[in-house]
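The following blocks contain the structures, represented as structure tokens.
Two complexes come next, and they have one chain in common, chain A, joined by chain B in the first and chain C in the second.
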Partner chain A sequence: MKNSRYIVVVGCGRLGSLLANRLSRDGNSVVVIDRVEIALDDLSPDFSGFRINGDATHMAVLKAAKLKNADVLIATTHEDNVNLMVAQVAQKIFRVPHVLARVFDPRREEVYAQLGIDTICPTSVAADMFLEAVANGGTHQDGGVS
Partner chain B sequence: MKIIIVGGGKPLFFLCRNFTAKGYRVTIINRDKGECVLLSRQLTATVLCGDGSDPEILKEAGAMGADAVLAVTPNDQDNLVICQLATLKFGVPKAIALANDPDNAETFERLGVSAFSTTRIVGSLIEQRASMEQILNLLPVGEGRVNVTEIVLEAGSPVAGKQLKDIDLPENALIAVVIRDNRPMVPGGENDLLAGDRIVLITLPENHGPALKVLTGEER
Partner chain C sequence: MREKEYLKKRYAAMFSSIGMILLLSGGLMLTPLLILVSNPEESAHVLWFCLPAGGLIILGGILWRLFRSEANTTLSVQEGGIIVIVGWMTVILFSAWPFASVLGLPFSRAIFESMSGWTTTGLSVVDVTAAGPMVLLWRSIIQLAGGAGLAIIMMSAIVGPSGVGISRAEGRGDQLVPHVRQSARLVLIIYSAYAGAGSLAYWAAGMSPFDAANHAFAAVSTGGFSTRVESIGYWNTLRVEAVTLSLMVLGNLSFVTAWFLWRGKLGVVFKNGEIRLQAVLIPLAATAAFIWTCQALYPHMGKAVRVAVFETVSALTTTGFSTVGYGNWNAFGVALMTALMLIGGGTCSTAGGIKQFRIYLLFKMLVWDIKHHLIPKTAVAELPVWEGNQRVFMNDTGLRQVTMFVFLYMTTYGLGVMVLCAYGYTLRDSLFEFASALGTVGLSIGITSAAMPDGALWAEILAMFFGRLEFIVIIVSLLKISRDMRVTGPVVHGFVQRHSHTN
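Right after this comes the complex of A and B.
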């Protein structure tokens, strides 16, 4: 398995920093973008990628991240609309082969599925897990709820 | 005509006042409660408080039957998503987004959303007005690939008194309308130009300067 990919992570919150740290530790070249400078301090000391302090909805910032060379873009800011915009720009303009966006609002997720943007909706994922756990009557089995 | 406008501030207020005066039905969506109260007092528009990029709010605003949606919030990402939801989910025939970052105007067009940049429009207006007194109006259309310019012919203009067919305009430049004594007309080759005429000139940007020079005699 090819292990060194060029990955751009937009948003360095809890999820973004976690992903960036792990992807970097696995040997990928990682660039993290956040518009708040101190958010970038959440990266672990052994994070070996690049940090960019800037607003990813500005083309200039995405160009600085050399997005056109990226293999993967992950948009994880806390604003759905930022994630959706960055994901579309990455896919349609910078032709990034693999683009993923976090979207909290399940109703917005539907529309972007139509546009061909891969989204992960933590709200739906959590809801499904809760429902499954409830249906199982609280019995927790391996492979059931993970 | 039913228009939904998402955003706030003075431009929205005056835009909306303009539209309602023309008899359009306007619904405003604004996030700020205080501003909503003010707007609903001052305008004859329906005002809805909420996030315009929330499909439920758009639905409540009547997006399903709207003729146009205008997204003029200070956040480009919101404007993009509002317009895409309006088109994709509610089938609104016309959705237009403000691009706060001028670079995003092109980006939005490439993502299939009509966009404009006030920075660009105002910027070119100021540039043109500052550089030439005779220019009354300049409107970039087609993403700035075409200029529509209104100029007034001064007495010293080299084309004053000439017939249109004798005026040697560069390629890709057209005198579309001549306004004389407040009466506009679309001129033919036999028409002449007089000092005091207001001319609507259509040019491509590369020929804008040369065409202006022919009409005014000034180097730009």
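Right after this comes the complex of A and C.
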């Protein structure tokens, strides 16, 4: 059952297309939404889901993606505000059980958390790794940053 | 060197898939043995089914085991094309075996019958009065499986290599649900439901259970093999014809449309271009056939109407069941039927031909082009088409592919007609018969018979193969094979060596 969920990915950039390819290959039903049609060409043959060319902030587009049946929504556009909006719409209107959003600005993470949206912040993830590497500074001489 | 390694890995995945296809078809070949329950006297032919089935299973098993890899490989469209071509050709070759052995057909005739079955054409060189029930059932089963498609069956049956490439290579590019494997499964469920319901309906309409199953299989696959010489005309009842009509229309419906219909989304169904085209084309063609052909030919008014409707639907859906012969039809009737056969059925259905969607698109483009001259030069116009429940805009690439396909199709058609003419058939008969073969229809005006010359026979065999699978995919895949051969040298040799090392 685990690998046959219905997943909607919003944004088909480098991250969105990678996620969509992997999820589809693992057997999930995946629908990808992107505003730019050529962005959808980034999907590899691994991807066997549906592609929707449209603005995910429009209700009609989300309805076309059958968001109300979705188990998971992942918002990966490069705009924090778009991600937040799509995530909120998915959660409040379409009642999607699991909503994930990418957020670049670490200061916004807290706001998202209050709204009950799971976030992944590439900036803070990178920052943590840098800090760790700095703290471990001279101890790892063999070149590996763990 | 690195390319060589890479290609080896890809071909290993392809061979493993081909092995799986052969394995499943081998199993399929044993299903006609079920007839022994009711007809034990057929046991004499058991050997001729078990031998090729065993061959397929062993060959398939070896290929599958030898090249199986743990990684869940996804195949591209060209790779899918290679699987489909090699898989189909091998299976068609083995399926011809029972025809050759049981009925004593020469090699070329047996291949013709097998090809006609798998491509759901329905042209036949078998004398059905002399054939036993086991062979007749085998013909129908071939059509049922061929209608679904070997790769679709493989993909839905097991876990293994998958990908949009495989289904696209078999002409099933449109998906019902956003995952290729689940989509394939759904297609098979809908398809089996048709076949089951069709069998029951035929039985209720007065056929024997054996005839009911055979005709249901042949109708939903838009195949058209019959157990009687007169085809559906043998029964000559309205009920049987009504059941056949509905099965043919269902079979020619795109599975995507069928899925919407199944869920009761009628609004979406009626926006579909193919449905609209059919809604205009079928009544128009039937009326024309009635007025200019059937009226004069059949004295009884009711009979004339029935013939007009039945034959036009049979031609458009590329099924190929008939209730009458066409020898005495006038030129208009033959021309109309030829045109319908060229247009063909729906995309992503079991039917063949140019496909209604392409015709609809070209027609829309023509209208749009004329309109374009009437509006200001700088006006921006859009060309919307309904695909499923989505409104999409046709771009130039899509249109180019469509026109290219139609060009290729008509070129092949022209060449084929010339081949038949060269063998001394009349232009009228050649036009009709080759449209029937290329569109995988199966209506015959009399050219196709056991006595026809070999050249004409092979031309039709090729036409059926090209008509069933996607033209461009076949060409591209064949080119890819020859190019890869040059890169790797003797490919197969390398494989065996590598595997004997690892084992």
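Note that in this section the second predicted complex is superposed on the first by the 136 of 146 C-alpha atoms of A that agree within 3 Å, B and C clash if a C-alpha of one lies under 4 Å from a C-alpha of the other, contacts with A are read in each partner's own complex, and residues count from 1 in each chain.
Everything below uses one rule, namely that a contact is a pair of C-beta atoms (placed from the backbone, for glycine too) under 8 Å apart; a residue touches a chain by one contact, two chains touch by 3 or more.
Note that the structure is predicted; figures quoted are calculated from it, not measured.
In the superposition on chain A, contact of A:Ser48 is made with chain C only, not with chain B.
Look at A:Ser4: by the touch rule set out above, it reaches chain C but stays clear of chain B. Residue contacts after overlaying the shared chain place A:Ala60 against chain B, while chain C stays out of touching range. With both structures placed on the common chain, the touch criterion links A:Ser29 to chain C but leaves chain B unconnected. Contact with chain B, but none with chain C, is seen for A:Val82 once the two complexes are overlaid on the shared chain.
Note: no residue of chain A belongs to the chain B contact set and to the chain C contact set alike, using the contact criterion stated above.
Listing the residues of chain A that touch chain B in their complex gives 57-60, 79-82, 84-86, 88-89, 92-93, 105, 107-108, 111, 114-115. Chain C meets chain A in the complex at residues 72, 74-77, 162-165, 175, 177-183, 389-390.
Touching chain A in their complex are the following residues of chain B: 53-56, 75-78, 80-81, 84-85, 88-89, 101, 103-104, 107, 110-111. On the chain A side of its complex with chain C, the touching residues are 4, 6, 24-25, 27-31, 44-50, 52, 64.
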